[in-house]
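Some structures to go through are shown next.
What follows is chain A paired twice: with chain B in the first complex and chain C in the second.
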Partner chain A sequence: MVRVVVGIKWVPNTQAVRFDPKTGTLMREGVPSIINPPDLSAVEFALKIKERYGGEAIAITMAPPSAVKGLEHVLGMGVDRAVLISDRAFAGADTLATSYVLAEAIKKISRDVGKVDLAVFGQETIDSSTAHIPAQTASWLRWPYVYYVTDLEIKDDKVVVSRVLEDRVEKYELELPSVISVFMESIEARDVRLLHKLRAKIEKPIVVWSNKELKLDPRCIGLKGSPTMVSKITWTLEVPRKKIVYKPKDPEDAARWLISMLLKDEKTSKIFKWVVGG
Partner chain B sequence: MIKSNTTFPTKFDAIVVGAGPAGAASAYVLSKKGFKVLLVDRSREAGSKELYGGRIYLGPLKEVWPDLDKKAPIHRWIKKERASIMGKDGRIITIEYNAGRRTSFTAYLPELVRWMVSKAEEEGTIFVDEVVVDELLTSDGKVVGIRSGPDEIRSDVVIDAEGVNRLLLEKLGLVSGPRPEELALGIKEVLKVRKNEINAQFNVDDDEGVAWILMGDITLGIPGGGFIYTFNETISIGIVIHMANAIRAAEAGAINHSFELVENLRLHPYFNKLWKSSDVIEYGAHLTIEDGLSFMPKRLVYPGLLIVGDAAGLILNTGYTVRGVDFAVYSGKLAAEAVEKALSEKEGATEENLKVYEDMVRKSFMYNELKRHRASKELMKDPEFFTKISRIPLKFFSELYEIDKEVPTAYEAFKNACRSEDSGPLSLMFKLWGMVKKL
Partner chain C sequence: MSLNCSDLCPLWPCEDKKEYKGVWVVGEVSEKGLHEASLQMLTPALKVSKKLRSEVVGVLIGYNVKKYADEFIKHGASKVIVVDDKALSTYYPMLYGDVIVELAKRFKPELILIAATMRGREMAPYIANTLKTGITADCTDFDVDEKTGDVLQIRPPFGAMLLAHIKTPSRRPQVSTARPNVFPVPPRDDSRSGEIIEVKVNVRKPRMKLISVKKIKKEEVPIEKAEVIVSGGKGIGSKEGFKVLEELANLLGGVVAGSRKAVDAGWIPRERQVGQTGKSVKPILYIAVGISGAAQHMFGVREAGVIVAINKDENAPIFRQADYGIVSDYREVLPKLIEYINSLKKEPRLLKELIE
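== the complex of A and B ==
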């Protein structure tokens, strides 16, 4: 029996976020949030562990109340229950303050529900890509941590994890409990199942924890607990489209036309010549 | 603290498949009457599969939700009705009618459907999204529930609100596959325009909108038409083309890609000033029903099953009026009432007991409308109506108004216009009269 906690992040769909070139800020208005896609791999990974060894999978997220929608999705995939950590006091947190809250929530699950054996995270998030959270959460918990994990095997109170690097696979033996982050795209998330989603809707196995429940030092959470400073954001301006439509006779004609257009433009002709070697 | 696994009931009084206007309405009415209802939809969020970007008639909706006009996310009330006949050379005839009262509105259908589903949930409907129903379960010739992947859920009755793509009904052998003659293709773009710009360009107030239909060259003569509707801060534009004719036109090389027709509309010099500074923020396409009565399944009721909305062929398209959302809602309401009646009988949802739904539909204004406007269907498929007949008035006005020295009499202009289409005034009058009778 293994109790797995899986962390998910409720992020703006970055593909739908537009950029205001005048102010240099993201226009998030009206952009729907989604589950951070790499976290869906982590959920799949957690469910596979649960299926293999028995036990339960618990999803946690620190997010505004709208994240219930995302939690319902992972419950629909087969996660047993979920914790939504939601409080204005947690808002504005950097990765340090966020990981602190997540670690304390995992401790509380261990106290209230039963000992947590594994905490699983996605590799990184699409809205910031720091990959800090699993490592920092492990530090707060003083649990061992391995990233880029593609597989694991539990033996008694130890776990052997495989992690991929570019050119090799490494195996590590860790003490349980431990933290892992799952290699992005190494595993495909399953679809929502009718019975699971129905259970999520009828039983609502989602509990909401504010700082009333977690009782954390206000100096260590939210904006106050976040030493990170963003000194500067730079961006690349969007290149306006030329809006030229050419209707070619055949692929060769299309290629000829495209090359002639690339050579006409000073910038692209440089790149083109560099790519094809003169 | 955290709830753990328990068992939960998986038997419902009614399962509604598809959370569009028809499904949401039937779930809402049934839940309100105290039935245990499961509403299932495949979309990521209620309404997100909706594409319709036109006007919606209030009357039938108010019978289900009396406060809909006050509470629902309505954008603009249609104040101006415009219709344009378009010629090739930039010649356009537009008529405008300024309405005296509010009978229809624009709304983002996804938003409106979300609102409808939330009302059903408030009444106790269990709504499950992100789930595809693979088939309707049957036992002894009666529909007894649904199957999705490995999961089966049972109910006394199933309401099929799956829409124009009737995969479940096809699987049961109750309807045949889609036929191009019965269908049309709708293609839409949503243009983002500032609110005050819309108000100024279309001469309307904040909560007033325009419904504008276009015919003639906008579809390159393919039977169908174009549309322009104003929303809070967007304009939806698009075209609807009759599928069978569109396929023929594509095969003959008359059109390349169907989306080019919408692009032509957006870039058209007569219209593009209305949305000068706009961005295209959305585009999409959807099947719609051209001929409701022939699309309608032989029966709307089978043992344990009722068919509502688009799946039941309840769409009216006369060319100047499109009604689908209100028909869907109204059919959902009728189905719910029939289910209440049937389930109060001892034998339950038998075909005889559910039959009352079919009777109600056939006696309703919807069926009447479909029958009354049936003749216009023929017209809507007739390429001549969209080419020749629309060119004659354009020619007439060009004769009359585009003057160098001499002004023709109106009769002379008319004669010339007819002659340009190889038609005498008298034979044209007969033809027109024949056509007008169908409208």
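== the complex of A and C ==
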């Protein structure tokens, strides 16, 4: 029996965000939100653990109310219940304040529902990609943790994980409870099943926790509980480039033009002479 | 500014930030020695320390690591704090993190810089959080607010050409990471000397154990080492489409890379992604094919010598960020380009004509 909590984030679909070449900003209006794609791998991971060892998988997200849609999706995948942590008091949180709330929610689940053995997260989010939350949550909980997990086995009160780094695969044994983040694309998420969807419709397994339930000190959450702040926004300094654009008559013309430019450019001429053996 | 402890989250220590001095660079050590990415962090460390009028301190923890202290010093650190302990012979994120936390509480640095290697990304947020301070990931530049002494941690946010300047006004130390290759290693100066401070720290029992390590052999040249890169984006359209890029790369003695959309589509492995959330590269020649030129992508090629763009849309933003742009369908241009280079190879005489 294993109780797994999986953290998911509700993010703007960055693929659908369009770039305004005039102002250089992103046009976010009307952009739909989605579940952070790497988190679907994390959910799949949690479901595999539950199927293999029995127990339950609980999804949590700290997000505005619209994230219910995301929770419905993972319930449809087979997650047993879900917690939406939502309150204006949590708004404006940086990763420290976000992880604090998530850790406190995991503690509350342990108290109210039953002891949590494992907290699973995605590797990083597509909208900020800090990869902070898993380690920060582990720090609040004082649970051992490891990132980039591709495989996992539970043995008694321990978990054995495989994880990848740039140039190696490592195997670790961690004491439970522990925190893991799942390597970006290590596992493909299953589709929503009608059966799970129907069950979720009947059982209504989504609970919403505001700070009335969590009872956290207002100085530790939201904007107040966030040590970092954006002090200003500036334009990126452009790297100076030649910006010579050519509309060729035909592909042959294009090839000839490009090679002659690269041969004349002192930076690249070397590689070309070498290539052509000159 | 006076400190009002009752305004702070009671879980945070309440201290005067003036007690904190010095810019730290945490070194990552593997069997290959001190990681180059850690030495690269000395570049922003030196910039910030100059403005803060403080010193750069290298931090080395592990077993048999003292011998690397000199590397830090020769590249610009004034001091190196070393914790050399058999109990630290294996890296565990929480164990190493707790040692750095211990050191930070004892020595009180104002800024801690950690290279965002995979291990660095794993350990840095733990350190910051355990110290109950803020952390900014993947910074691309640093500055100092002269009035307050706050470090401005600059990073591209979710927003194209813009840069967010992030600060941590009420907490110390400030913690930031930067991706490998975003900064160069400062030049080595063999005449430099510095102080090595050996410290004993209470090492906790790790609640995890390393069972095995298997090295992955990579046959191809990693993109961050390549002199020529032919990079493909969404515009390539399919995995097969990358074959012609591969052919061109081979011909030029280079490698293939891609944009995040190409990676997400599964046309090219993630370790070959160029950009803010991929890798920064510094080839002599970067040929971007079917790539629109999003800021997050272009960020990864700031250090490229020459950028060539091939895109069929003449309004693609990449043309304003490239040296040479060709408005064409890559499917027509690349085969001709390959053919042309091949013919030049056979007849170097044609080459002379071209240069004239």
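Heads up, the rule we're going with is that the second predicted complex is superposed on the first by the 220 of 278 C-alpha atoms of A that agree within 3 Å, B and C clash if a C-alpha of one lies under 4 Å from a C-alpha of the other, contacts with A are read in each partner's own complex, and residues count from 1 in each chain.
In this text, a contact is a pair of C-beta atoms (placed from the backbone, for glycine too) under 8 Å apart; a residue touches a chain by one contact, two chains touch by 3 or more.
Worth saying up front: this structure is predicted, and the values here are computed from it rather than measured.
After overlaying the two complexes on the shared chain, residue contacts for A:241 are found with chain C alone; chain B is out of touch.
After overlaying the two complexes on the shared chain, residue contacts for A:193 are found with chain B alone; chain C is out of touch.
Contacts of A:230 after superposition on the shared chain: chain C is touched, whereas chain B is not.
Within the superposed three-chain model, A:145 lies in touch with chain C and out of touch with chain B [touch as defined at top].
Of the two partner chains, chain B is the only one that A:113 touches; chain C does not reach it. Touched residues of chain A, counted separately for chain B and chain C, are more numerous for C. Legend: residue contacts after superposition of the two complexes on their common chain; A:184 is shown touching chain C, with no touch to chain B.
Note for the complex: chain A touches chain C at residues 12, 14-15, 19, 21, 24-26, 94-96, 99-100, 124, 127-136, 138-140, 144-148, 160, 164-175, 178, 184-185, 217, 219-220, 224-236, 238-239, 241-248, 251-252, 254-265, 267-268, 270-271, 273-278. Against chain A, in their complex, chain C makes its touches with residues 7-12, 92-94, 97, 117-119, 121-126, 128-130, 132-138, 145, 150, 152-153, 156-171, 206-216, 218, 227-228, 251-253, 261, 264, 270-271, 276-277, 284-285, 292, 294-295, 299, 302, 305-308, 314-315, 317, 319-328, 332-333, 335-337, 339-341, 344-345, 348, 351, 354-355. Looking at the complex, you find that chain A touches chain B at residues 32, 56, 58, 69, 73, 76, 80-81, 83, 109, 112-113, 191-195, 197-199, 201-205, 207. Note for the complex: chain B touches chain A at residues 1-6, 8-10, 38, 40, 45, 126-131, 146, 148-151, 153.
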